[in-house]
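Two complexes, one shared chain (subunit A), two partners (subunit B, subunit C).
On to the complex of A and B.
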């Protein structure tokens, strides 16, 4: 059984099926005996009783408080959950807070940068690092923090709205609140959207991300901050 | 120019391909991604005075963005709206159409964006004092929270406040109580808008105020 599995999928890969796309996506992860994965805390909606759950601040058995704190800054939970199947196989279902789509991506040693908040789950041998992008992140209206995922295995991420990939070969501009993930091979600068800074600020776009090089960026059709701006003023102050 | 709506009906967004020399106009902050060579210029929404009036009295953005292709190849821009929901495109042929605040997403360069006094009744109904009126020649894209429904009316029709997206300029809008005093207060509808006239109206299936008041009960 185990050999059969390894024939189909590269080692370290997860068997993930995204159901109910794109409005109410949920990820069904099937674990073979002994298999495990890492997920954002709070993402689990249902699971087999035989699955063991362990909560740490960073990687399983190596919880670094600083790493956890850095991840909390990036809009992700302070804690990560590790789900493992014991002697039996089992299933874990993961959901997202925002209405939207989910995506599965296989990594073969390359790096993937995921916007804080979009990370859902990953194979145990994928390294999760929080990269502080420098002071340029501070002046953006969205807090630009990224999770740097690297290794061999599967990554699952979610979006607010639909996800569309853009294959970049040259230069492309993406509004910072719409970036879900991008390949490490791409370079980016934070810049103005229009010809002039004045246009960019007056036009409501503020800072945007200008990607260059060759690689793929995954974009979400909707922006949680913009939705928040129209909903927020209508809410009463918290008691 | 090639305009496509993707992600219908829950997460609809626009994919606009601009040929060399073409310009497309969009609401401030509607751009989600675009070719880096595309020129983006912010301009007053409906002229200088219109921009100011719309910002401070119509609770809409003061500026719109003009996207212009000054290269010699086809360039792309993706445009979206703040809420998840559907997007529709109407084509104006020297006609005009009224859009409720927040519904406008984008339009051809030949479409004029103007403002129109909506009347004090509109304020009672919880809408702004001014409405956006689009006129001229070309396509106009607008969106709503949830699904978009349209209805041809001739005479009168009643739409719940916050659900009306677009209507013909000849139509009269009057806020009124949904029913008697009792059913208006306890039936959950409160004010509704009575529309009088002839033509097409667009309605959205959800409204942000409804979501906000539901969340408010949990705060």
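On to the complex of A and C.
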């Protein structure tokens, strides 16, 4: 979708090619000597032998191991791997858990809110804030956590199913489980989908996000929780 | 996608890379090896025979590499072969060569291809929940294999590091060892665990999805047991 940015490549951006779109997508990131990037833990499929990898809990050189453990226990395991090319150039392949697409977005100082499970990778100049509390005030059915990304460089994210942008100018309602990312310039409130709480819950929509203002929301065609709730009851109970 | 390999069977691979399926035309009197349960459709003149080749190690591999043999009788016959996982299919013509497949990757082959389950040894075995067994295919003829997710072919020249769960196949002659990447913190928290370091010259086929993270994701959705 937005991976044709060869002509306008700002400093600090990554050379990313998304292969096997849309269902089996994988990101091929080519690093020049000395170049580096950050990726979601567990996303690496394969890489050149000269690439070095380092794991941190949040951002390079900050955030302790206990903080990361705490996050893991609270169900928000968020560890990041930092890949760097030494004197040689190299390639890193990144994948996702679910069947679906990936997209590349260039940030020019603006902020982006990304669903935790959709984050794949970013340039080292992109700040990753894991303490974004925007949706925390209300309990959502989907146990999602959100990342606030800001800075100059490339961001890669993935979706469950297809991914498509929606330009918002005014107001728009999106099911929280379908949000991949949205621009920070948008205002939002969590609200019920129907007229009453009862119809919202019985209707299976639960909480939705009402956006307002001007900006883009990236939507995934499928909702991982809904898929999970279909498969789960058919499996053997956990002990 | 229509592919015609004059050296082997006439075949086509469709709906790649998400839902790959293989259609093979078996010439009259010729035999095709197919992974058990992978046959989707076939002509009525094709005869199936179950083979229990491979012996005890097959049971140990924890996977049913049961191979059925399909023979075209009184004329050519066409068969469609669909893998168990949504994913890709790939083809290679072995010319007196050898290739190793991950233990669920075998789909079908020419009858002349010798298919064998090989124990890798506990030190070399693929850790991190993968099998200690590989499928060794050798000889001359067609071979089809499948994956979970799409397949990407990587030429190994100066070595390559691959997550053990993403390996689909690799050519004979490549050396490999299991090791960790990063520091000790990475071993537990990187989510990468152990990787396979390939060296030498050859080809490795990798898959873009991996079964274990998918299982880990589904686990919280399982019902809890009420005693």
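As a working rule, the second predicted complex is superposed on the first by the 205 of 239 C-alpha atoms of A that agree within 3 Å, B and C clash if a C-alpha of one lies under 4 Å from a C-alpha of the other, contacts with A are read in each partner's own complex, and residues count from 1 in each chain.
Operating definition for what follows: a contact is a pair of C-beta atoms (placed from the backbone, for glycine too) under 8 Å apart; a residue touches a chain by one contact, two chains touch by 3 or more.
What you see is a predicted model, and the numbers here were worked out from it, not measured in a lab.
In this overlay on subunit A, subunit B fits alongside subunit C without clashing. Once chain A of one complex is fitted onto chain A of the other, the partner contacts of A:223 are limited to subunit B, with no touch recorded for subunit C. Once the two complexes are laid over each other on the shared chain, residue contacts for A:41 go to subunit C alone; subunit B is not touched.
In the superposition on chain A, A:51 contacts subunit C only, with no contact to subunit B. Residue contacts after overlaying the shared chain place A:20 against subunit C, while subunit B stays out of touching range. Residue contacts after overlaying the shared chain place A:235 against subunit B and subunit C alike.
Within the superposed three-chain model, A:186 lies out of touch with both subunit B and subunit C [touch as defined at top]. Of the two partner chains placed around the shared chain by superposition, subunit C is the only one that A:81 touches, whereas subunit B remains out of contact.
Once the two complexes are laid over each other on the shared chain, residue contacts for A:99 go to subunit B and to subunit C alike. In the superposition on chain A, contact is made by A:210 with subunit B only, not with subunit C. With the two structures overlaid on their shared chain A, subunit B and subunit C come no closer than 7 Å at the level of C-alpha atoms.
Common to the subunit B and subunit C contact sets on subunit A are residues 23, 99, 229, 231, 235-236, 238-239.
Across the complex, subunit A meets subunit C through its residues 19-20, 23-26, 40-57, 65, 68, 72, 79, 81, 93, 95-99, 224, 228-229, 231-233, 235-239.
For subunit C in complex with subunit A, the residues that touch the partner chain are 17-18, 86-88, 149-150, 152, 154, 158-163, 166, 181-183, 185-186, 189-192, 197, 199, 204, 206-210, 213-214, 217-225. Residues 22-23, 99-101, 160-162, 164, 166, 170-175, 178, 193-196, 198-205, 210, 212, 217, 219-223, 226-227, 229-231, 234-236, 238-239 of subunit A are the ones touching subunit B in the complex. Taken in their complex, subunit B has these residues touching subunit A: 6-7, 10-13, 28-29, 31-42, 61-65, 78, 80-84, 102, 208-209, 211-213, 215-216, 219.
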